[in-house]
Amino acid sequence: MMKDSNSIIEYFQHITDHTQEYAQSLQSKGHLVAGYMCTHVPEEILYAAGIVPVRVLSSHDSQAMTRSYIHETYCSFSHDCAYRGLTYYDFFDLIVTGSSCIHMGEAFNTWVRFAGFKEKSFLISYPHIIHTKPAAGFIVESFKEFKQYLEDIVHKSITDEDIERAIKIYNHTRRLLIQLWEFLRYKESPITGAEVAIVTLASQLMEKKEFNQLLEELIQKLQSVPRKNLPGVRLMVSGGACDDLRIFDLMEKLDNSASLVFVDTCTATRYFWFEVPEDRTDKLQTIAEAYIARIPCPAKDNFPGTGEKKRFRFIQQFIEDFKPDGVVLLYQRFCSPQPMDIVGLKPILNNLGIPSLELELDTTLPITQFQTQLETFVNIITGVAS
Amino acid sequence: MNNRKLLAGIDAGHVNTKAVLMREEEILGYAVVPTGFNPADAAEKALNNALYNTGLPLSQLTGIVCTGIFGETINIPTLALVGSVPEHVADARGAFFLNKNSRTVIDIGGNITKAVHYDSNGGLLDVIQNDKCADGMGIFYSTMVKAFGVSEEELSELALKSTKNVSVAITCALSAESEAIDLLCQGVEITDVADAILRFIVQRVAAMCTTITLTQEIVVAGGLAKSKALMNHLPVLLKEDVKVLNLPEYVGAIGAVITCGGGKNE
Amino acid sequence: MSEHVSINLSIDWTKAKTVVAGVDIGAVNSKVIILVDGQPYIYSQVKTRIPEESAIRAINAALDKTDLTLENIQCIVGTGCGKKQVPFAHKTISEIACGAAGAVHIWGPSVRTVLDVGGQSCKVIHVTEKSRVTAFLWNDKCAAGIGRSIETFADLVNKEVTEIGNIALRSDKSAQLSDFCAIYAQSEALDLIRSKEPLEEVIAGYHHAMAKRISTLADRAGVKKDLVIIGGLAKNQGIINSLESILKISRLAPKSEWDPALTVALGAALFADAFLLRNSA
Amino acid sequence: MAYNIKSWGAFKDYQSTCYRNYVEGYGGLRCMGSTWSPLAPLKGLGEDVFVIGGEPHAASKAGTFPKEARDDIIAAETAGLGFHSCSYLKLFVGEVVRDKIGITDGTITDGYPKPDFMWTTHLCSQHSKWYQEISRLMGGIPIYAIDMIGGGNAEKNPKIVNYVSNQIEEGIHWMQRVTGREFSDELFIKAVRNEIKVLVLWGNICALNMHNPAPLDERRLIALFPPAVVDRTTDETVRLYEGLLKEVRHMVETGQSVSPDQRHRIVYFGLAHTYGHPEMSRILRDAGAEIVASVYTFGTAGNFKGIVDGKWTWEPIDPTWVDELDLSTRRKAITELVKIVLGWPTWQGVRSWWALESMAQAMITEYNADGLLLAPSRSCETDFRNGYVGMQRMFKSKIPTVEYDSDQVDVRKMDLPGAKRKTELFVQLMEAHKKGGVC
């Protein structure tokens, strides 16, 4: 039992800073550990097989070396994830992805071709266009293949009960995380957005039972902590993978005051803001449907119809619920789907009267440049001259 | 003695023009000047400086051999053009001449970086040249030297004193510079920023080198080879030993003369 | 030209109500302006090296010309990318706000768009007549360092940076260079030398390419009249002419008494003055 | 003596006619979309469905109106489509933003004709957004995108074939709904046979380049494949390619070539930048070096035997095989069509690095290459990127291999000086290799 909420958050922070150490400690406890990329991997199936999924995220370490494995003009997130494979992460028992965007596919290929994971990798054939009827059936078949592959690895069959147990644990994580984010809906909160972002990131790196236990404890403690005003302008973030916690921290430490209230990215809400129904019989079908129904990654958001984006509906809902004063649009330099979505998203934000600011993410962050832009953005929102 | 030819090798690069004077494989003198806008003028200036440094009169010069990116544009009417050598060939021959055990030379130039692989006679086998985004590593280094208001040696010395590992953006020299300035503006020590800059350059070079056969011994050419800090990082990233050549910036010019017989009589 | 100090000797600061300073630590140059009762008294410009050291050098360069001491300056506002490194600043304000304030002060309330083209970054700022910033666009990463690139390019062809913009004007024709990235353009320009293109055409081409890069940014943000251009490149006539012809809009001419490179520093000093008056009132 | 292709004029006319049909409409249906989709289903709605495909149109626009193309790209960037996105896309969207259309017959028309619907595919993340964005810009054009998932032997994977077929079946219903037209299986099946036939014929034409001298070079290949990418479903296209196959066969029999000086035979990976940059082809031509095989021109509109016994082969498919295909029902026709489209080498290589490597290996051997030239297009994220890195490692020690950046449509991104330098170097290395190793 930890003393207070701060020390629990510090523990989560420690894990995000020392991912490798943590993942190795799981292994030394006897777990099989699988690295996975992007949010299209059905972690429940891995977990049901007794394998702990750990998300592969950026290293934030300069890595021009990856230029000889992945082309220059691929996003820094894909370079960073590839770099992990080429350097420290050779201890993973398995690496998995579900065909996501081409950039991340390259990161995965780098692990497979150049980092020695050829014999311990699995690519889940996941549709690129998810909102069609045939896609649903296709995902189920792919999940079946994946399940079969895992059964061969662990030399036992994965039963429906195993999967149901995993679904329950994962749903619990999702509910707890939503509960945590919900604190930020109100003017007063016992926790800040930057802190919630830390916890959210840790959830993608940790063994879920351990995580759930700690997060429950945290939420319990937070309920008795006096709520503080979330100061200043309310900022929402929307964009691509952003696991650089410094940027969230920066937002809350501006000279003029601002609070982070919501993060719509695949490393935050897109990761968990949904549930898999627990009572249905066909487990794989249920997981597939749930994965299709949640907030889509821009790279897969191709709703048949009139070019409408499903993700925008979620964004509008979040804006209604969390009432941000401004939206910071974050995306990886060289990312293609994300900035192209912004072209369509901006008119929607303009109609809602919500100003937005675009920031380009790279392996490293130009902190002063970002700070200047954010501070000016906040001033524009508040209408202050300086 | 007088029947041995005195040849000048001129390597006209994007940034600097280098001249060497050689007689029967003996290097008598050398000089470097900025190429500027007129490579022919620069070549003449470099040649005159080299002659002046050695005290030899122009009249003793048999002719010039040219190489480098602007090599073909050089024409000094008063002097016979003995030969024109592609820069990769010149690099290979020059590096091999300076170190007979070498088989690979990594040449970090002002605008272009290349690695050249050659056989036991200095004959060209394979070349890799930098990706477009990695253009201008040498120019970037000079720009940062100027921006910090130090000398090239001092920048290297600063980097050697670095105690903290910070990084700049790695896509290109533009982003690297932008972030180096940003780091300084955050209050990061200049020694650490200098180290980040050098690591950036070395990473770009090392990344390029992974697609070519790096056969030992590996030698380094180009003015940047004189930076101690850079030479500290390079072997670590390449996971190979590397040696700095004598007169690293003159490798091309020397190689040009060697390719044309090195001033020996036929 | 790059390091200089200028002083208005007709002003007697000892009798003044307010003595304030704006310190703008840019990526390439650091500038200081001291205002006495709102009037420009002295300004200095030095090369930026380490921001903190440059701030001290810049203020000393100014102070050395007078009997003013740091203590006599009642309020100092730091700005520019190195604003947090000005050890003697009482307050820091963003270069965007300072640029807007300085521009409206110099050119008057009709200014709607301020294009700030500096050494490292390039910004398009929309302002109201009261110099309030309503929107801004910062350069994307690939468009960083245009000012510095022109300096580097000048170096490579052995020319002075002030000279190179005028050379660009001398040519009717300009070489076609990549307007996507300053390094691509530089590589291409260097290679044109190999094909013996006339110097003027290459330099004109380089300026045109950089102007095009800036204009795409400006177009994206939208340029409303009146337009002013500030920052180091505002004095490069080659860039300015190209920009005006691409954007199909003329900037307000620079005021003879104000160096457009000092606009941001002036804005900072104006904030310092306002701050002082507000606090003493 | 260089041979002049006789059917060239007819090819050019066909392409222009297709685009003119789209511009004029002639009372038919306009469809905008990707040439990467199977096109025959459109023709089930009638032979008066006029298609404009993204990449071929953008490429031909860039070739016909270089200056306009530049303005289009900048217009798209100003509209917010990032500097890093695909040049084809920006050119295409730029035209819509500027509301004018330029086609290969040299005309530019004000007012970009709105398509009645869009029929596209998910080639890459940008490609998919591209049509969404145009749909939005034009006020909400109905759009249907097919997920051509796969790569590496996908056409032999029943699960994938079934998935794509299901989507097309759904798509047919969708098209009927949004256009209000009846779908004719008879027209559809005819179009399927034509589409497959054209793809197989083009494969046969390309495969003739295995001969020495190769009858065609990259420049000619680029000029001759547009009908197959613009609209390959018509009887006219089949006639065109049958005629061309006959002509090229005759060239081989008589030992003729469009560029007979072929001292060095090059295998090329990239998006055909030499077409837009004659200075680069000149360096090669002066050295007697010709591109005789390229995955882009071969594999974007052509089918080959592909993976046989685990190894790729560029051997052509016998055209009579197409005549014997059982296309008696809608589902059968869809399935055959899906198999052929999934079998495109370009698809296979884009989605699978091992297929790409196997393809490169086969191309180098079967076309007897002296050098491998890799020129990824800077703005294209799909362009076999997964292969360039690996291929350098695989082949550099075997045959002269050089890589540089190109961009066929957006010259601002093309590394012209570097490309020239590296092309010269490439020629030097091939010369040295011929002499037995070194120079």
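Letters A, B, C and D mark the chains in the order given here, with residues in each chain numbered from 1 onward.
As a convention for this text, a residue touches a chain if its C-beta (ideal position, glycine included) is under 8 Å from a C-beta of that chain, and two chains touch if they have at least 3 such contacts.
Since the model is a prediction, treat every value here as computed from it, not as a measurement.
Undergrad: When contacts are scored as defined above, which chain pair ends up with more C-beta pairs, A-C or C-D?
TA: A-C
Undergrad: Can you check how far apart chain A and chain C are, centre to centre, with Cα atoms defining each centre and the answer in Å?
TA: 40
Undergrad: Taking the mean of the C-alpha atoms as each chain's centre, how many Å separate chain C from chain D?
TA: 48
Undergrad: Taking the mean of the CA coordinates per chain, how far is chain A from chain B in Å?
TA: Each chain's C-alpha centroid was found; their separation is 46 Å.
Undergrad: Provide the list of chain A residues touching at least two other chains, using ranges where the numbers run on.
TA: Those would be 68, 333, 362, 368-369.
Undergrad: Please set out, as single numbers or ranges, the residues of chain B touching at least two other chains.
TA: In chain B, residues 69, 131-133, 135, 169, 171, 175, 178, 182, 185-186, 210-211 touch at least two other chains, as defined above.
Undergrad: Residue numbers in chain D touching 2 or more other chains?
TA: 80, 82, 84, 378, 389, 415, 418
Undergrad: What graph shape do the protein chains here make by touch: line, ring, star, complete or other?
TA: complete
Undergrad: Help me check something: in the complex, which residues belonging to chain A touch chain B?
TA: Result: residues 61-68, 72, 333, 362-364, 366-369 of chain A touch chain B.
Undergrad: Note which residues of chain B are touching chain D in the complex, please.
TA: Those in contact with chain D are residues 69, 86, 88-89, 112, 118-119, 121, 123-132, 135, 210-213.
Undergrad: Quick one: in the complex, what on chain D touches chain A?
TA: Per the stated touch rule, the residues are 79-82, 84-86, 122, 124-126, 128-136, 140-147, 149, 159-160, 163, 166-167, 170, 174, 353, 376, 378-379, 381-382, 385-386, 388-390.
Undergrad: Which residues of chain C touch chain A in the complex?
TA: 81-82, 84, 92-97, 101, 121, 130-136, 138, 140-141, 271
Undergrad: Which chain C residues qualify as touching chain D in the complex?
TA: So the residues of chain C in touch with chain D come to 140, 142, 178-180, 184, 187-188, 190-191, 216, 219-220.
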